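For clarity, chains are labelled A, B, C and D in written order, and residue numbers in each chain start from 1.
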Amino acid sequence: MKRYILRDQKSIRANCGVFGIYNHPQAAIMAYYGLHALQHRGQESAGIVTSEYLPEKRKYHFNIHKDFGLTLNIFNAKILTEVLKGNSAIAHNRYSTAGASDRRSNIQPFKVVYKDGNLALSHNGNLTNANTLRLKLQKEGTIFQTTSDSEIILHLIARSRKKNIINKLKEVFNIIKGSYSVCILTDDALIAARDPFGIRPLSFGKLGNSYLFASETSSFDIIEAEYIREVEPGEIILIDEEVVKTGKEKSFRFANAKEYKHCIFEYIYFSRPDSIIFNEKVDKVRRKIGSNLAVEKPPPKQDRTDNKRIIVMNVPDSSNTATIGYVSEVSKTRKDVKHEIGLIRSHYVGRTFIQPGQDIREIRLKTKFSIIRGVLEGRRVIIVDDSIVRGNTLKLLVKLIKKANPKEIHLRITSPPIISPCFYGMDFPSKEELIAYRHKGNVEEIRKELDVDSLEYLSIDKLLESVPYSTKKTGYCTACFTCKYPIPIDDIEGNSKEKFED
Amino acid sequence: MKRYILRDQKSIRANCGVFGIYNHPQAAIMAYYGLHALQHRGQESAGIVTSEYLPEKRKYHFNIHKDFGLTLNIFNAKILTEVLKGNSAIAHNRYSTAGASDRRSNIQPFKVVYKDGNLALSHNGNLTNANTLRLKLQKEGTIFQTTSDSEIILHLIARSRKKNIINKLKEVFNIIKGSYSVCILTDDALIAARDPFGIRPLSFGKLGNSYLFASETSSFDIIEAEYIREVEPGEIILIDEEVVKTGKEKSFRFANAKEYKHCIFEYIYFSRPDSIIFNEKVDKVRRKIGSNLAVEKPPPKQDRTDNKRIIVMNVPDSSNTATIGYVSEVSKTRKDVKHEIGLIRSHYVGRTFIQPGQDIREIRLKTKFSIIRGVLEGRRVIIVDDSIVRGNTLKLLVKLIKKANPKEIHLRITSPPIISPCFYGMDFPSKEELIAYRHKGNVEEIRKELDVDSLEYLSIDKLLESVPYSTKKTGYCTACFTCKYPIPIDDIEGNSKEKFED
Amino acid sequence: MKRYILRDQKSIRANCGVFGIYNHPQAAIMAYYGLHALQHRGQESAGIVTSEYLPEKRKYHFNIHKDFGLTLNIFNAKILTEVLKGNSAIAHNRYSTAGASDRRSNIQPFKVVYKDGNLALSHNGNLTNANTLRLKLQKEGTIFQTTSDSEIILHLIARSRKKNIINKLKEVFNIIKGSYSVCILTDDALIAARDPFGIRPLSFGKLGNSYLFASETSSFDIIEAEYIREVEPGEIILIDEEVVKTGKEKSFRFANAKEYKHCIFEYIYFSRPDSIIFNEKVDKVRRKIGSNLAVEKPPPKQDRTDNKRIIVMNVPDSSNTATIGYVSEVSKTRKDVKHEIGLIRSHYVGRTFIQPGQDIREIRLKTKFSIIRGVLEGRRVIIVDDSIVRGNTLKLLVKLIKKANPKEIHLRITSPPIISPCFYGMDFPSKEELIAYRHKGNVEEIRKELDVDSLEYLSIDKLLESVPYSTKKTGYCTACFTCKYPIPIDDIEGNSKEKFED
Amino acid sequence: MKRYILRDQKSIRANCGVFGIYNHPQAAIMAYYGLHALQHRGQESAGIVTSEYLPEKRKYHFNIHKDFGLTLNIFNAKILTEVLKGNSAIAHNRYSTAGASDRRSNIQPFKVVYKDGNLALSHNGNLTNANTLRLKLQKEGTIFQTTSDSEIILHLIARSRKKNIINKLKEVFNIIKGSYSVCILTDDALIAARDPFGIRPLSFGKLGNSYLFASETSSFDIIEAEYIREVEPGEIILIDEEVVKTGKEKSFRFANAKEYKHCIFEYIYFSRPDSIIFNEKVDKVRRKIGSNLAVEKPPPKQDRTDNKRIIVMNVPDSSNTATIGYVSEVSKTRKDVKHEIGLIRSHYVGRTFIQPGQDIREIRLKTKFSIIRGVLEGRRVIIVDDSIVRGNTLKLLVKLIKKANPKEIHLRITSPPIISPCFYGMDFPSKEELIAYRHKGNVEEIRKELDVDSLEYLSIDKLLESVPYSTKKTGYCTACFTCKYPIPIDDIEGNSKEKFED
């Protein structure tokens, strides 16, 4: 889960997407569409494992296909129907990087054989005691074939002396720490589980007599499956033949947190607006964040000498929804502000070639975004964006927008300054690369570096006011804004990366 | 130029994009970016021809690379720098289709040798007397290696007895009829020309000491070239070494129309919003069309029993700009209407796999668009779209949106009903497939077929009121809405297609 | 037909292979196997054109698929059955080169439309007045889309005013000069023709009710077709529906040479040993050449001090057959000589990577050939090879063999020294690169350069004594050994290459 | 090591090739050429692992690249120089199969991390107690990520409590049974070892200051390395920095067999003729086998009514050398026999497409071999071949040869009938598929099935008389001919395959 990579042009080190389905005659095709709807969670690689019963051998066979690339390039009809046979499947999307044929072994799902049969795993999240566990296991004679912390989970399951898979998992989940939303496929069951704090999302759904799990409900919608509920933090759900017959999933508790610690960044940026996560629609939360930003950090005052309306523009497509919320709120009280499309996002972003003296990132940005000169020229412009990580892309975007000669540029950010890394799966760059950390949170300095006329962030209080509290235990992890880490980080920072990255 | 193909999910048979550059040390890389910014005009194939002077042979060599696929997949650094050497280049994007390895010969630019040296051509448009000319040329002993009407232009140039290329071209342009925006590369010059009616756009620009032509100015912006002016309808512009020295392009007139007949559909749908065509910014025109639609075809009246605001949604990304115009106008007078994002467009549209009993187009649409249930549920919804061709996609989209249980769905279209084919390069499907033709323009019947609560088209008068008249001669071709064809169609309809399509 | 290229590791600029079939339900699959059996005649590219009757349109459609690469990589089941439909086909193999995406247009068969319908051409050979004809045609307004001399044939057919295809062809064949074995596909016929001197081979065969033409009979054997006879020099054979009914091919004469001038190099090296060409089995001729070499240029005398037998070794696989002939003849009189395998040829010749200070050709040779040390060590070794062109490969081979410490190395060549280029399709390198030309035919000097103990060539007289004279008119072109060119070379040497190679 | 696969057209389930190099600045390029020269030992997949010292991290990094396909297609300059950096490397070739993306995890070398650092393994051979060990390890909590028996070796090394790698290996080699020639790369050493019976070959060589190991010496010749000696059966050789300095390899003994049991089939068919294995040149042994066959099973008697000589033909290229030996011996006493080339082997064997009613294997054979009709027609023909496994290919070959109408066909086989499977790495098909097993060794019945005039096998005694006994301990495994298995097979036959093949 650990490598540092540019996702798209946002310097957020990405997350992953997991999916599982039980009892569907076209499990692999469902998994394909499910992955498609989770593509935004990881563009480096994707994989599907299916469980196929071989009647003549009276045993299960696990089929696998995984590769680097986008879901749509990795799978084709032949692979989905002839290779990936079987009624159950788990799948995984991983974040994007270049090259790295070396890391092929890290592509998930992992598929192994252990004493009780076949076992496959898809994991979204990050273990915070991976380093410790790894050293311990190696000492005991374990070999590691990947550099992924997810492999540890498999070793621990195989080494557990507990009698059945649920007891094994309960044992394992009391050993590992950190964030994990997992789908596990065994010879006769599909299992999903979520860490005690519910850091990453994981949903449970149904499609006819099939049962499904997915990181986001967008996976359910694309195949018209029904959303039932979240997998609860600290809960294991097991689906087997019996569940299909009774219609009642088997639920087990392995932990009981006082307060959940959902990743608030999933609402700010990462999840798709059409998904439900943490019991609420993302787009609704995102619009609320946008309108609260408008309340807290309104547009600059009217300029008496300028009778043209202030333009509020979104950065397509990441801040579309929040911008609607912002403008909608502002329009209630002010007439001098209007929403406009100032940037066009290309559907064909591709290779770029440097010329001497040019900045490759600048060119890449121009192949992705183009400005609508007429909209921006001579105007006071407010750009609503979701977050600032390194600031590099935003700096280039500002530079690009300035070519249209706007009168002023004002930045409004729908989250507080990011000052600290995430150890639970959202792989930001190192502290030293975070623009807000570099400027010790001094917003005026950041504004200068970004070269804009004003810059305002949403406050942490207002952010927490914008998100839902649908259960008694609902709470959020805001460590990247506040440095308050809800789960202890056993591994000394950076250590695990240096030690096991090969 | 002629095949019928689905472009994206819009059943408009597409157009092409042309590009030319003279006197740039990295002509091919410039052409690559230029094509990138014209990708929306054709996704089937792309090609670049460069002119390289070989001092040891004292002659020019034309390098070429072209293939099926998107620009970003066809070219790489090695091809652009090692194969496509030379200081001048022309390039071409062609519309998208499946398979058709048979048609490889039709990929442009075309490159030939004739009595005066090398000759290469990129053509956007459609000749209306291609059939007649082709038969005549064949009778005279000419062989045709492609099924493209553009090949005719090359034969006519080679067969002209006029002394220089300009005189040859004047002769040829008085023989061919129809629409043509062309870039031509000869051993010592880059030439651009546009048909007398200026049906397709063609712009002229400058970058340092380099001269450029492109279908749309988006090609200039991406490489930071300066837009000078349009190539005039009926004008030939020639760039050679002398022009580089004097800084003054050589302009020639071969025709003088009373009134130009720009393709109004370029403004409605085809061109990029950030481009300038026909002397005006596309996004500005498109917003004007949107606001005029609001004036002429406003949202349904308020429902006293429903105090929730009416939602206006765009179809991303084709109607984004027009929707902004629509909402902006409506907001002036009504408080019960607001803009919302009800559809998310995926950045990863890919392969889809049919299951028995499923509609492949429906699945494909779902991999492209996802609905924001919370925005639409229980609401009165207005969808602003740019045009309806066959109606198939819109029908599916309506079906998809209905899954969110909106209270009502109202369609507002920023163009009149399409009732007749285009013979000038915008390849709509056959008459019989046009939904408005099938229903003889009866809007109520179309509404029923689309299964919406109301349907309103912009009128032709209001459309013509929305577009700019920047010169005395400005005029528009509206044949697809009105059946009034400004240029006679020599070829009996369909004949040329049947005869020469192999 | 003209580019200079290394074929395999032999510096002979290669030839091509042509194939045609009429009236077979799986014409494309037959053509595929036919090309496979002609693969040795050209490894650069391959193509197939099929003629498919479309009953609903009541016309013929020509399908085409061609690409760079080996036959087996270019075609697959889908292309052969779904793209290349139709009952008749022509096909072509072209010589091997690197890169050259520029030359894609030169890949044959060529397919065009002309006044009488579709027309496709496969050509093996080389026109000697191509330059003259090309300039003339250009002057008359013709454009050239390829740099191939074969395109000229198509233009001349299209421009002929004669009434039917046979008369047109008769006219064209009286205009063009040089060597040509061609297969032509029209809407209703398959036509084969051969130049008046019969320089390149062309065979005529039958398979059930299907008729076939191929450069070599190896194409017939692979699909178990029956060899009927050669297409005669100066003959046109036309196959149409009527021929299928009557069972009698239509034969036409357009020329009547006093003496044929078959390329003797086809027997020495180029054709496959299992083929029949020029009315005789190649392997039989090649063995005869080998045994005549033994008679004329026997092994060195026995060395009284060395009681080990002299080793005769072949260069696999090109001199296998001739070596058998040589050893067989020698064994009649001498007991001190035996055949051994001293070189192994790898079936997997591939990419090679240079290290500083290394000779890439040497490495490549080593990936292709490996020596059997034990066979050669301390022995007097005779290497039988078919010809020496540049001598580079042989020099490296001698160097390689010396690593096994043979006592002596003696070279015996089954052809005379090559001192002059071929203008009829066998593209040797330029005169200056020919080792025998460089040494003005001085065999002792060549021996020194090759660094062997003795070197002997077969004499021209003995060579001519080895080849068959099956008809009254049989004769051979030996220009590469004698400089006597049977057909005048209109184009000044090299001129056409410089002028038209782009 | 275990899957059953057609190798080329011979139904022998193949072997593998291993390679290792220490202390060479271009270790990966050397490994590439080494693999190239071992390509015949496995065509399914290939891989290279290199060890690179990262000074800034003060640790070793293992780079890896492996894939399905031929060596020449898997690697390119970029991968060899930019990915596979480092001064030491091990490599592996694996047998050929179709598809099986599922088995990607089985491609060697394997690379893992264990308590002492990095570890990589290349294994040629087959463990006979793999099943037992696997179950035991699983019971102890081990997970298996591949279905290869080679993975067991890695687990055992990691779990050993012995202090250094040599002691660990000694322990492991006393646990595993069966055949193994292995190359192992650790952070600071390259290690090679061979099972106590020396079943598979493994050579030790030197190139400047670099040390090498390879399955066959052909790998040394291609890079001009010097052959030093065999890795002894029961020996471990370790190369580290100290060895480079002292010039003396570190040798360790872990077993001492009374008699070695080299696989005699390596001499008959599998190894390359230019290699030295088991202390002798393969081609020399193979010629001896051929001449002994001539002594024991001479050609049929002369036919007084037929004055044409009997033809002895080889099956290219597998029986080339043995045929030379056979003919050479026969020629000493008989004048009525001569060697001829009756079959040509194509260098371009490729895809084949079935037509209804055709036998795909027959077509494939015809694309590979073509007969020289003139050589065989009306003749008494002796085919010398190395072995008969299933007999299918030979049956087709006889059928093909009969098309040339030979008078008689006589088969002479340079090995005894194969009646029993191999459990030591030479994967023949199942017993029931072996033609000699099916006919219970009845040669007359086999002759009838093959439809030839006579069939003679070399006897086991004469075979054993043909092979070298260069050391006191030299001995051979002839289990496939005699059912006498020198190493006990713990795993019940087929069990391991069924159990662990996924």
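Quick notes on this structure:
Going forward, contacts are C-beta pairs under 8 Å (C-beta built on N, C-alpha and C of every residue); 3 or more make two chains touch, one makes a residue touch a chain.
Remember, it's a predicted structure, so these values are computed and weren't measured experimentally.
Common neighbours of subunit A and subunit B, by the contact definition above: there are none. Any chain bridging subunit A and subunit D, meaning touching each of them, is missing here; the list is empty. In terms of the distance between Cα centroids, subunit D is separated most widely from B.
Rounded to a whole number, the gap between the C-alpha centres of subunit C and subunit D is 37 angstrom. Once the centre of each chain is set as its mean CA position, subunit A and subunit C turn out to be 61 Å apart. Note: centroid distance subunit B to subunit C, computed from Cα atoms, is 49 Å.
Within subunit C, not a single residue touches two or more of the remaining chains. Applying the touch criterion to all chain pairs gives A-B, A-D, B-C, C-D. Contact residues of subunit B toward subunit A in the complex are 26, 29, 32-33, 36-37, 39-40, 70-73, 75-77, 80-81, 218, 221-222, 224, 272-274, 281, 283-284, 316-317, 320-321, 324, 328, 331, 338-341, 344-351, 353, 355, 363, 366-367, 370-375, 403.
Taken in their complex, subunit D has these residues touching subunit A: 57, 61-65, 79, 83, 99, 101-102, 105, 110-115, 118-119, 138-139, 141-145, 147, 154-155, 158-160, 498, 500, 502.
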